[in-house]
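The data blocks that follow each hold one structure.
What follows is chain A paired twice: with chain B in the first complex and chain C in the second.
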Partner chain A sequence: MAGSMSLTLSFVATFSLVICFAVSLFQMRYFFSKYESVIGNHFLLSMVQLISCLFSFLILIYVFLTSNFDFQIVYSNSHTEKPFLYKLSGTWGNHEGSLLMWILILTIFNFFYAISNSSDIKLRNKIIANQSFLILGFLSFCLLMSSPFILLKEDVSQGLGLNPILQDPLLAIHPPVLYVGYVGFSLVFSFAIAGMLNNKVDKEWASALKPWILIAWIFLTLGIALGSFWAYYELGWGGFWFWDPVENASLMPWLSATALLHCIIVLEKRDTLQSWTILLSILTFSLSLIGTFLVRSGILNSVHTFASDPGRGLFILLFLAIVLLFSFSLFASKGGTMEKPSSFRVISRESGILVNNWLLLTILFIVFLGTIYPLFIDLILEKSLTVGPQYYVMTIAPIVFLLLIFMTITPLVGWAEGSINQALAKIKYSLIFSLTLAFAISLYFDLFSITQVIILFLSFSLIVTTFFSGIKFSKNNFFIKSILGKTLSHAGFGLFIFSVIANATYSEEKIYDAKVKDILELQNHQFMFEKVNQVEGENYNSIQAVFSLLEDNKAVKQFTPEIRFYDNPPTVTSETSIVHGLFSDMYIVMNVPQYQDSISVRIHVKPFMNFIWLGVFMIIVGGLFSIIYRIKS
Partner chain B sequence: MKNRIIYFLPIIVTVFICLFFFFSLSNDTSKLSSPIIGKEVPEFSLVSLFGNKENFNSSVLYSKTPKIVNIFASWCVPCRAEHDVLMLLSKLEGVEIYGINYKDDPIEAKNFINELGNPYINVGIDEQGRTGIDWGVYGIPESFIIHNGKVIYKHIGPIHISELDDTILPILKDLK
Partner chain C sequence: MTKAVKNRLIKILLSLLILIVAVLIIILNLRDNIVYFYTPTELSQMEISEKKIMRVGGLVKKDSINNDGSKNFSFIITDKVNEINVIFQGILPNLFAEEKGVVVEGSYVRETLFRADKVLAKHDENYMPPEVINALKDDGKWQGQ
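Right after this comes the complex of A and B.
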């Protein structure tokens, strides 16, 4: 039986959540017109919501850190011998804990919104009401079906442990960052609902909303990037994106958020595209919810899925259905009445942004189809079907072509009415320069195909033109110009696409059965198999192979791929060893030794990996600059 | 006014997607579609790894008490990891585990069992991996629950201790 200490902790933590529940229910009164103009004490009440959730989350962290196995969740996910960091990250490495964290982040956003400056009382009241409704929904789910504070009936002295593949510092922060992104869009959603209820979707509304979109978008981008970074380093499959359904589930809101980020600019500057902005706001949050549903309901099989439970799935689905039907009905009832007459020509920046919006949504649709279609086939025909990367690459690539072209030209075309000829005249030297560069790279790698050259050319053009126009505009007062953020993000995107294509085209891998003292060769690199070591880690034992990279018969770099054996739970993992070069990464993965005299290893040479990460980094930093600019002005 | 219909489109799409998710929920995709489940065990007769025992025959599996057949090898590292769980399982009342030693050197296999303990009632030697093919093995360890000569459940990969409580033991309990 659980001790009295555990009983108290469990009770206090649950009670604290009940307080938050009650306050949230109270805050929902602002939905009624009677209260819509009342100036309430948002600061105090949102603080109560935040602190009550934070308090119970801290209790959860405390029971994890003290390895209190009276709690079912700790027993199932932790172990006394686990290093401190993973005891901590174990708190949110499971369904119940991560749900509580999700709610905590909701209350954090709610709090920061409540204390932000806003002159529109009605808007603020409605947003607070809607945020409270969302908090209420997730809290009910937590309290009724997924409480992390359930105590074990039996006495146990040891926990079951955490999957070692998840024991990685990056993975300790990947979920929280991603959640901040997902949950951030709840606020965007609330803005949309409040805007519709108040019949006020205009420039002011857009200006108030934009920073929140940016914040959520930055975190979502960072969260996705961290996950992909982890996959590249930890999984050792040689890739950074696998089109896994759960990865797709995070990519979908990103695509729609990126579209939203651009069309809100049109709304803010030109006071048009109201319905479209609202629709994208709802869509982005819905996709975050659908992502949650897919991960937690168990209808997908993936490394990411939590222990599945149809009851939980049903609850999230019901919540999803309520949220979506309510908001889309509201949307339908407003019809086109929110839309202001727009006056822009076919050739204008508005059109360019709209076209890019559609391109992003087309990619979104492709990803959605690829993720859902196998489920659909399984349901209808009871056959299992796998959608491979080929599908995504083949269908998305042509759209990326178009996207690059429009991204290059649109920012150079004026609002309302522009001219393509003028835009092209501005960038003709950049284009010639990019074309030369694309040919040069193809020649260097001695691989020449029209498609490759075109896409390299397009991505270079994007980088070069955005940088040149960016620098021209921001000659004076460099750091606070709004254009700097855009320049960095757009050029980062160009760099990203370029590196992805170059990486895919010029990568090589080979499998060897290696004996000690063998010299293996790949792409003019020589690798020498030196020896095998036994290594004892903090909570595992491992076999380590030592390879060195030879240059002029001298060892310049060392590789130490490992096979690790964990005891709790008993698992075997393979650790990739990577040597990073500026222009290419090399890495070696070993297999579990099966023979006496040789081990099987896989060697990869992957050019331009660093530039992929640099591209993503630039995209994120660009977003940060935009936020800083917003705050400064 | 024709335009207004477009504004209702999201609702229609939502309804379809929610219905689809609803039906998917009740559709269990986690089941591993293995053609062997529900079928009778393939016929085999394997020489026992333990010199003093008779051959391990498929006829043994035609019995009212459920049996677990575990396919393993000494060279397979996950099998090593799984072994503790099998030892634990074998100590439980009414659980009978049989082993098929897959593509292995019998001497190595004996060392493996001497070193880590013996959870098996009998172990058949399948040096060429022929019986393994009949069982549809595609990565060891694999474990099967057999009742009255029929395959009830197939588990691919090492059995994790949490899976004992969640799946293996409930299935055994149901069969009794």
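Right after this comes the complex of A and C.
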């Protein structure tokens, strides 16, 4: 039986959530017109919401850190011998804990919104009401169906442990970061609902909303990048993106959010595209919910799946249905009347942004179809199938072509009415330079096809033109601060696309049967198999192979791929060993040794990996700059 | 028809055309890249066409794993009713073992031999592809919960 200490903890934590539930219910009164102009004590109440959830979450962390196996959740997911960091990350490395974290982040966003400056009382009240509605929805799910504070009936002295593949520092922070992104869009959604209820979607509304989109977008981008980086070095398959349904689930809200981030600029500057902005806001949050549903429901099988309890999946689906029904019927009745007549010509910056919006949504449609179709067929025809990565590559590549062209030209075309000729005239030297560079590189490497030369040229043009329009060569104003963020992000995207293409073209892998003292060769590199070590880790034993990279017969770099044997739960994992070079990563994975005298190893040479990460980093930092600039001015 | 209406009509028709073409391209591509999953029993009832990429799943039969001392492997996938001979060259996932679930992707080289290009990685030792569980259940051979 559980001790009285555990009983108290469980009760206090649950009670704390009930307080939050009650306050959220009270805050929903702002939905009614009677209260919509009342100046409430938002600071205090949102603080209570935040603190009650935080308190409950801290108790959960506490029971994980103290390995209190009276709690069902700790028993199923932790172990006394687990390192500190993974006891901590175990808190959200499971269904119930991650749900509580989701709610906590909701209250955090709610709190920060409540204390931010806003002159529009009606807007603020409605947003708080809607945020509270979302908190309420997820809290009822947590309390009724997946409480993390359920106690075990019998006594146990040891937990079951955490899947070792998840025991990784990056994976400890990947879920919280991604969640901040997902949940951040709840506020965007609330803005859309409040805007429709108040019949007020204008420049001010857009200005108030934009920083929140940026914050959520930055976290979502970072979260996806962290997951991708983890897959690159942990899974040992040599890639960083696999078009796995779980990855797709996080990419879909990102695509829609990126479209939203651009059309909100049009609304803010030109006071048009109201309905479109509202629609994208609702879509982005819905996709965040769908992402959570797909990943957590157990429909997709992967490392991310915690619960295979259909009831839980059903709840998220039901909640999603309510959100969709509520918001789209509101949109159907109000959406049309929100729109202000647009006065832009076909050739204008507005059109360029709209076209790019459509391109992003087309990619979204492709990803959605590829992710949903197998589920759909399985449900209807009970036939299992998967969609090969080639589908995504073949259909998305041409759209990326167009995306690059429009990204290069659109920022140079004027608002309302512009001229393509003038835009091209501004960048003609950049274009010639990029074209020459693209040809020079493809001639030098003698490998690129026509398509690749075109993509190379387009990504160079994007980088070069954005940089030249973002940098001013004068004494006191080297960078134009207001567009520094955009410059970085867009150039980063160009760099990213270029590196992905180059990486796909020049990557090479080979499998060897290696004996000690063998020298293996791949792409002019020589790898020497030095020896095999036995290593004892904190909670595992491992066999480690030592390879060195030879240059002029001297060892310059060392690789130590490992096979790790964990006891709790009994699992074998392989650890890749990566040497990051400026232009090329090298990467060795080993097989579980089958014979005494030789070991199978796989060596990868992956060019331009660093530039892929640099591109993503620039995209994120660009977002940060935009937000800093906004807060300052 | 006034000029404005005519212009709008052209715009709408043009967007529709682009939309239809785009959707067609996407759907045709999807169709070409679908990989179906079969169990050994399903395969025994089908006509085998070589070159077609497919996934096959089941259990690795006991004592069926052979290795030539290097990276060439052969093994048998069974659903306890029918069997398939598989060859594979490369690095097997860590959790590949006899009597455990496995999914391979590849194609037939001849009617009785399947060449796996990929042996899919799994994440823990208790994991079994849902397709395999269903197949075993259908055949009445499932022994888990």
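What to note about this one:
Definition applied: the second predicted complex is superposed on the first by the 623 of 633 C-alpha atoms of A that agree within 3 Å, B and C clash if a C-alpha of one lies under 4 Å from a C-alpha of the other, contacts with A are read in each partner's own complex, and residues count from 1 in each chain.
Just so it is clear, contacts are C-beta pairs under 8 Å (C-beta built on N, C-alpha and C of every residue); 3 or more make two chains touch, one makes a residue touch a chain.
The structure presented is a predicted model; accordingly, all values stated were derived computationally and were not measured.
Chain B and chain C, once both complexes are superposed via chain A, clash.
Contact with chain C, but none with chain B, is seen for A:Gly370 once the two complexes are overlaid on the shared chain. By the document's definition of touching, neither partner reaches A:Ile224: not chain B, not chain C. By the touch criterion stated above, A:Val387 is placed in contact with chain C alone, chain B being left untouched. With both structures placed on the common chain, the touch criterion links A:Ser574 to chain C but leaves chain B unconnected. Of the two partner chains, neither chain B nor chain C is touched by A:Leu462. Residue contacts after overlaying the shared chain place A:Thr362 against chain C, while chain B stays out of touching range.
In the superposition on chain A, A:Leu317 makes contact with chain B only, while chain C stays out of contact range.
In the superposed pair of complexes, A:Leu325 makes contact with chain B only, with no contact to chain C. In the superposition on chain A, A:Val592 makes contact with both chain B and chain C. Under the contact criterion defined above, the residues of chain A that touch both chain B in one complex and chain C in the other are 301, 384, 563, 569-572, 592, 594. Touching chain A in their complex are the following residues of chain B: 3-4, 7-8, 10-11, 14-15, 17-18, 20-27, 29-30, 33, 75-78, 80-82, 84-85, 158, 160-162. If you check the complex, the residues on chain A that touch chain C are 163, 165, 235, 237, 301-303, 362, 365-366, 369-370, 373, 383-388, 390-391, 394-395, 511, 513, 563, 569-574, 589, 591-592, 594-595, 598, 600-602. Note for the complex: chain A touches chain B at residues 76, 160, 275, 279, 282, 290, 293, 297-301, 308, 310, 313-314, 317, 320-321, 324-325, 328-329, 331-332, 334-336, 372, 375-376, 378-379, 384, 563, 565, 569-572, 592, 594. Residues of chain C touching chain A in their complex: 22, 25-27, 29-30, 32-37, 53, 55, 67, 69-71, 89-92, 94-95, 121, 123-125, 127, 129-131.
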